[in-house]
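Naming follows writing order (A, B and C), and every chain is counted from residue 1.
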Amino acid sequence: MSGPDAETPSAIQICRIMRPDDANVAGNVHGGTILKMIEEAGVIISTRHCNSQNGERCVAVLARVERTDFLSPMCIGEVAHVSAEITYTSKHSVEVQVNVMSENILTGTKKLTNKATLWYVPLSLKNVDKVLEVPPVVYSRQEQEEEGRRRYEAQKLERMQTKWRNGDITQPILNPEPNTVSYSQSSLIHLVGPSDCTLHGFVHGGVTMKLMDEVAGIVAARHCKTNIVTASVDAINFHDKIRKGCVITISGRMTFTSNKSMEIEVLVDADPVVDNSQERYRAASAFFTYVSLSQDGRSLPVPQLVPETEDEKKRFEEGKGRYLQMKAKRQGQAEPQP
Amino acid sequence: MSGPDAETPSAIQICRIMRPDDANVAGNVHGGTILKMIEEAGVIISTRHCNSQNGERCVAVLARVERTDFLSPMCIGEVAHVSAEITYTSKHSVEVQVNVMSENILTGTKKLTNKATLWYVPLSLKNVDKVLEVPPVVYSRQEQEEEGRRRYEAQKLERMQTKWRNGDITQPILNPEPNTVSYSQSSLIHLVGPSDCTLHGFVHGGVTMKLMDEVAGIVAARHCKTNIVTASVDAINFHDKIRKGCVITISGRMTFTSNKSMEIEVLVDADPVVDNSQERYRAASAFFTYVSLSQDGRSLPVPQLVPETEDEKKRFEEGKGRYLQMKAKRQGQAEPQP
Amino acid sequence: MSGPDAETPSAIQICRIMRPDDANVAGNVHGGTILKMIEEAGVIISTRHCNSQNGERCVAVLARVERTDFLSPMCIGEVAHVSAEITYTSKHSVEVQVNVMSENILTGTKKLTNKATLWYVPLSLKNVDKVLEVPPVVYSRQEQEEEGRRRYEAQKLERMQTKWRNGDITQPILNPEPNTVSYSQSSLIHLVGPSDCTLHGFVHGGVTMKLMDEVAGIVAARHCKTNIVTASVDAINFHDKIRKGCVITISGRMTFTSNKSMEIEVLVDADPVVDNSQERYRAASAFFTYVSLSQDGRSLPVPQLVPETEDEKKRFEEGKGRYLQMKAKRQGQAEPQP
């Protein structure tokens, strides 16, 4: 509560106004926004503590967050107060306790939103695989150390147990071969937020294009595992507008490779999640061409795409047609001089 | 010097310094960043033009971007200059030509980066399904109108042809039934950028948690199609650090529903795309609990999850176990007092 | 069409649509967003100028912003036009004048929002503690140089005087009474990330100003619990640069209230968390003036501040002095005509 206090360097407080982009369409702040603020407080206080004695410099890396409950919702316009303090240190880890309060600065009302416990481990800046020792904290009561040790042992045990608990979420095709379409195929979902939209609640075309390029770039990087850059974008048609609150799925698949370029088809589908009355629809589509660059910026050969299904072979031939047509067009006209 | 120029209302110029977040790890600005700036210039100039006569107010919506080539790469620290002008108007659409130059402000070097042509359509603000008429531009040479009309007809034809060209990118399970696990299952890929990372090139734990919550929220919204909020997060274990330049896949699937809550399992996998030597690995995992809220903030009943496969049934039972254990724990202890 | 104009290299124009995240809940764009755009224009034009002759490469770093008034509020959906030009150069500093206009692209209405004067100093890229020489600008009228020199001498003097003016903000009192300084006093900490910084690892002056305005806004909202907007910013002095990896603390406290305005002092301290060798230092300081608006945009009376301690009373009197001086100045001169 006391702000950065000179006498208790092991306490810190962060506050920030909640903005439209921090919340869903109904105005409730996303749990993820709060978790992110909690971690920001945690990493500052634990990095500061681990560097408080002379010795090798380090950065504190998050190892575990204990179960946390969201006790009351926070809204746009409220101020989130995140206060953190170090409550226990073992030889190689730091426990940070964080409290989050919401304050309505118009009415003065304050509420406890949640409490969280985070564990950090200090990694050496010189060698990030080396865990350093943590300077001990001073406890005001003897029992605090004993209670902390019990929490430390409990989380350590649970951490071990859970490491292998989770299976994979089934992927459509398992272990696809390199250079196939399935190998690099990628898709991204994006929950449309206020800052993606015009005042009138449609997604800016530019936001959609940026996401399309992002997916195409991931497909290209997965295919050739080098530094890749956009070389050209085929005509993009926007078939229908996308409204605020939609979830959009942007999918990319490689359709064709020449010696030094890759063509990636990107489709954008919009899903009005909350509005049951409307079906998912195709909002936009385009072909992106990427090239692969060496470290000194020269274009590299690209691994050849191996189409497997009939559809993939058909799309490969269509891509080849577009490639040859564009090549002929370029040779037919004088090169544009910047 | 001149501010928005009264004499040439049909021209605009935007410029901005390119930042680390605009570029990939090698320092090349993403094509998507440039496309986004191009569209911002286009929407300003075309909205301004379509409202330049008295009459119904409208917003210009992007309908098509012509093929564009990226002639030379742009780098972090350079200034992008985007200049746009209106080059043709049909009865219901506006053509905008955009040029992008990169300027190195340390050396003074300037390069043409790309040229683009965008088509906008004005939609009424009162009724967004109504297309308004576009005020005509004045051409300085007679031929400009004729050339513009040819471009207009050509794009109209191609637009019609391509509308139905693209098939769906195959989804793992086709047409899943509502309330099944497959129906709401979602995954998101994210290319780790500089602002996701600490100074030392690891992804902030808070960034990962925010993305995990985002996926869990999309799964919950798809399942119950209402306003949903995070109620609690189970312990999150960070099994391994994620480095700059990775692509992370965050997958969420519903595991259990009680009367008024949903449990969603979220897995985070990191894929060091460019670095061939390292395999994809599990970076973090957790269970999120969401509740559904009515418009006045009261909790709503949740549609019951229908597990189909043996694995889904097993996970449902495990989720039920966690739910009952937590419920018993809550009833056993005095409710925490904020 | 022409990109950065070859004939007037000392002028630049930036424009951008205002988005929900740029504004408060009532839709008024934050003063801090505008200050950030102003600084972006300033840093481009001054860095370009300082590198315009062959010689050692440098980056222009913000040293001071003169007092600036916000003449009319800007809203979401409007386009901000920021135009900057170099108006004076001394041996080691550059003066940049910036005008901001708001344009409603639906109605075509344009308004002057504010004017600002910024001072930059060129630091060598090889040795960031070395200040380089500035190439002289060419004045179109003889008097311009003389007037510029007078402004330069005046700011130099004031800069010296203010360097040690500010005491620390301390936070001792719990449960403060409404309308006291302690009641609304606020501070925010921010971990400097890559996207806050220039390529050379300093925090952009505009990022610091945006955070200063955010804290001042929280203080003002706590004090009067209404929709508040930035009315003016006193001269901001940047005493020292802030490096990547620092944690910055931005503290705000109310110093004075008139019938319809509040003055808030904001202090910025930088703390090099990881680097033990350097002490926490004062990086910047300024006074912000806020006004309170009713829902229809009219200015409201402000609750009177109740200074308690001797220091608070002293600062109140100093604030009153600044207020009366500014009032006299305004009445003495013809109101500036947009």
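To be clear about the criterion, a contact is a pair of C-beta atoms (placed from the backbone, for glycine too) under 8 Å apart; a residue touches a chain by one contact, two chains touch by 3 or more.
All values derive from a computational prediction rather than experimental measurement.
Taken over every residue number at the interface, the positions common to chain A and chain C amount to under half, indicating a different-residue contact.
When the CA atoms of chain A are superposed on those of chain B, the rotation angle is 180 degrees to the nearest 5. Here the CA centre of chain A is 32 Å from the CA centre of chain C.
One simple way to say how far apart two chains are is to compare their mean CA positions; for chain A and chain B this gives 12 Å. Counting partners per residue, chain C has no residue that reaches two or more other chains. Per the touch definition, chain C reaches chain B in the complex via residues 1-4, 8, 11-17, 40, 43-44, 47-48, 51-52, 57-58, 79, 81, 83, 85, 99, 101, 103, 105-108, 110, 125, 193-195, 197-199, 244-245.
Every residue of chain A that touches chain B in the complex is listed here, in rising order: 24-26, 28, 30-33, 35-40, 42-43, 59, 61-73, 111-112, 115, 118, 123, 125, 128, 155, 158-159, 162-163, 165-172, 185-191, 198-200, 202, 204-207, 209-215, 217-218, 221-222, 225-239, 241, 247, 251, 253, 265, 267, 271, 273-276, 282, 285-286, 288, 293, 295, 297, 311, 336, 338. By the touch rule above, chain C contacts chain A in their complex via residues 19-21, 24-25, 76-77, 171, 174, 186-189, 191, 214, 217-218, 221-222, 225-226, 247, 249, 251, 273-276.
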